[in-house]
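Which chain is which? They are A, B and C, in the order written, and residues in each are numbered from 1.
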Amino acid sequence: MSRVEPSDFELPEAERASHEPQLVVDVTGFEGPLDLLLMLARTQKVDLSKISILALAEQYLDFIRRARDLRIEVAADYLVMAAWLAYLKSRLLLPEAAAPEEPSAADLAADLAARLQHLEAIRRAGAGLMTRDKLGTEFFMRGMPEENDPLEPQQFTATIYDLLSAYALQRQKKALSHHTVHQRVVWSLKEAREALERLVGVSQDWTRLDTYLIEYLVEPAMRTTVLASSFSASLEMVKEGQLELQQESAFAPLWLKRRPEPRPELQVVETKQ
Amino acid sequence: MTALRKPLSIVGAEPLSDENQRILEAILFAASEPVDEKQLIARLPEGTDLKEELRKLGDHYAARGVNLVRVAGKWALRTASDLGHRIARDTPPPRKLSRAAIETLAIVAYHQPVTRAEIEEIRGVTINTGTLDVLIQTGWVRLRGRRKVPGRPVTYGTTEQFLIHFGLDQIDDLPGLDELKGAGFLDDRLPAGFSVPIPNDVSTLRDDEEPLEESDPELDPEAK
Amino acid sequence: MTALRKPLSIVGAEPLSDENQRILEAILFAASEPVDEKQLIARLPEGTDLKEELRKLGDHYAARGVNLVRVAGKWALRTASDLGHRIARDTPPPRKLSRAAIETLAIVAYHQPVTRAEIEEIRGVTINTGTLDVLIQTGWVRLRGRRKVPGRPVTYGTTEQFLIHFGLDQIDDLPGLDELKGAGFLDDRLPAGFSVPIPNDVSTLRDDEEPLEESDPELDPEAK
C-alpha cells in the first residue's frame, strides 16, 4: 500500500489544493471512512452544515476508484462506505419514487452530514480537553504517600484457592472436550451490512444496496457465489425475524429489507412465492 | 527528622494559624485523592463552619506554589499550574494518547453512559480492543454497567480520576459541551422520558442500565 | 476546577509569596520522596540563596498543619506529627471477583504474556469485554505490550500487586502440573501431552512483543 506522510494531510488548504493532482491515495492514514470523508469535506471549503453530499460522494468514489486503479488494497470498511455512497448518489440523482416508509434520499444525505458534524464536534471537544491544564504536566498532586492517608481506593479480593481451582477446572474442561473456534475467512454480506449500520446507521432498502455492496466488495469471479450464499443467509435472517423478503414473480428480483424495530405485536411477514 | 520550628518573624510570617486550619491542611495534604466535604467535616470539631474554613485556606494558598482547588466536587491541594515546567523534570512525561484514544475518550466523556457500539457508530470505525483498555488503565474510563438491550453490552463512563486529571469540578464543566448540546448531538440516544441532554457520570445506574456481572451470580454471560 | 483566588485579607493572610518560595513549595509538595539540595538548587534561578529560602519556607510552615522537615539530609513537607490521629482512614469493604474474572486472571497468570485471543483459545469461550477491564482495575493485571503479529494485539501479564495479594514470593511459586494434581485440583484422566506452563512475569518484553506506545502513530491499527 503506498503511503503519504501524514503531514501531507495537515497542509493548509490552499497548499493542499495545489498538491491535489499528485494526491497519493492512502487509506492507512485515516481513522476510518468518516475521517476520510471529513478530510474530503474540508476541501469543499464550506461550513459542514452547507456541504454538498452529492459532491462529497463523488469525491469519495473518485478517491476509491483511484486507489483501485493503482491496485491499492482498500480496507473493507472503506469499500462498504463506497457502496453506500454509490447507492446514495444514484438515489440523489434519480427522481424520488414515493416509498412512504423509507427515508428520502435527502434525509439520508442529511443524516450523513449530521454524522460528519457530530464527529467533527467530538474532535473539537477532544482537542479542547487536551489543551486544559493537566495533571502530570501543568500541575501535580501530592507526590509522597503518607501513612496518614485518610482515603483508600477500592480493594478487590480473591484467594489463591479460587485462582488455582479456576485454572485447573478450565484447563481440564477444555482438555477433555473438543472445541474448535471458527475463524472468519472472508467478509460476508451480513458483515458488510453490519459495517454499514455502524457507518451510516440503518439502511432501509437492502436489495438495491446489496448490488452496490457486491460490486465494491467482491472480486468479479466470486460474485455469483456470494450472491447465492448471501441469499441463504438472508433466508436465515428472515427466519430470525430480522429481514423481510419479497419477490414479485419467479425470477424477478428479490426484494429484501430490514424489519422495523421489533414490535412485539408484529407477526413474521410471509414471503411471497 | 528536625521539624523547623523557629520563632515566627520576618517576611512570609503570619499570625498563628488556628487549629481548624491546621487540621484541614493536614488532611488535604495527606490524602492521596481529593477529599469530599463529608470526610472533612467528620474530622473537624463539631459546629465548624467548613465553608468558611475552606475559604480561609483557599485564601492562604491562593498566591502560593500550592493551591486549594475544587475538583470532582471535592477538595484538593495541587501545585499551581504555572509551575508545571519547574517540576515536570523529575517525572517521565506522560504518554501521549493516540488520536483514536483521544476521540474515544471524548466520546465516552460527552456521551456517557455509552456502549462500545455507540462509540463505533460515532467514529464510523470499529475500535481496537487495546484503545479502551489503555483508557481504562489510565484510570480515566471505567465500566459502569450493562445496557438493558439484547446482548447486554457494557456501558462506559468516566471516573473521578478523569475529572482530577483534567481539572474539572464536575462533568458538565467539560469544554465545548454547549456546542454539542446545541447541535442536538447529546440527546439522540436518550431513552424516552429522559430529558436532560448532558453527559452523566453519576455512578447510579440509569433506568436502561443494569449492574456488571461482579457479584451477580447469574451473570457469567461468558459461559456460552 | 475553581482555584480560589479571592483577594487576600483576613486572618491567615500574608504578603504575596515570592517566586522562589512558590517554586520550592511546589517541588517539595509534588516530589515522591525527600529532595536533596542539589536538585532544589538546579530548579531555582541561579544565585538563589537556598539556605535562606528554606529557612523562610520552614518559618512559613512552622505553625501550620504541614511542616518542612529535613530527612536524611534531604527536604520534605510532612503533615505535622501532632495531627496524625485526626486523619484516620476508613477502608471500603473489598469486592469479590466474579468467576469469569478469576478464570481469566488464572489464565493470564500462567500463560503470560498472553493476548485476548489466546485467552479465549485456552478457555474455549469468548471473553466479554468487561472482564479484562475489571482485572486491570484490580491492579493485578496490566497491559504489557503488543504481540508482533497482524493486528498487533495487546499482551497481558500480572503485576507485583498480584504477587502481593496472593502471597506469592515470585510468579513461578504458582504450582505446576504435578502439584496441581497432588493437591486434587486436576484429576488423572488428562490426555497425554497435557502441560501447565511455568509462569514468567519478567517485565522485559519478549522477542515477539513490542511496546504499547500510544504516541506511535503507526500504532493505530484501528484505522482500517
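Structure notes:
We adopt the following convention: contacts are C-beta pairs under 8 Å (C-beta built on N, C-alpha and C of every residue); 3 or more make two chains touch, one makes a residue touch a chain.
Computed from a predicted model, the values in this text were never measured in an experiment.
Chain centroids computed from C-alpha atoms place B closest to the centre of all protein C-alpha atoms shown. Each chain's centre was taken as the mean of its CA atoms, and the one lying most distant from chain C is A.
Note: centroid distance chain A to chain C, computed from Cα atoms, is 36 Å. As a whole-number value, the distance joining the C-alpha centres of chain B and chain C reads 18 Å. The geometric centre of chain A is 31 Å away from that of chain B, both derived from CA atoms.
Shown for chain C are the residues that touch two or more other chains, namely 26, 29-31, 77-79, 83, 87, 95-97, 99, 137, 217, 220, 222-224.
The set of chain A residues that touch two or more partner chains comprises 31-32, 35, 77, 140-142, 145-146, 148-151.
Residue ranges of chain B in contact with chain A, taken from their complex: 26-27, 29-33, 35, 39, 43, 76-81, 83-84, 87-88, 91, 93-94, 97, 99-100, 102-103, 105-107, 109-110, 117, 120-126, 164-168, 174-177, 179-180, 183, 185. On the side of chain B, the complex with chain C involves touching residues 1-6, 8-18, 21-27, 29-31, 43, 54-71, 77, 79-80, 83, 86-87, 89-90, 95-101, 116, 125-134, 136-137, 142-143, 154, 167-169, 173, 212-216, 219-224. Interface residues of chain A facing chain C in the complex, by the touch rule stated above, are 6, 28-32, 35, 75-78, 140-152, 154-160, 162-177, 179, 181.
Chain A makes touch with chain B in their complex at residues 31-35, 77, 81, 115, 117-119, 121-130, 132-142, 145-146, 148-151, 153, 198-199, 201.
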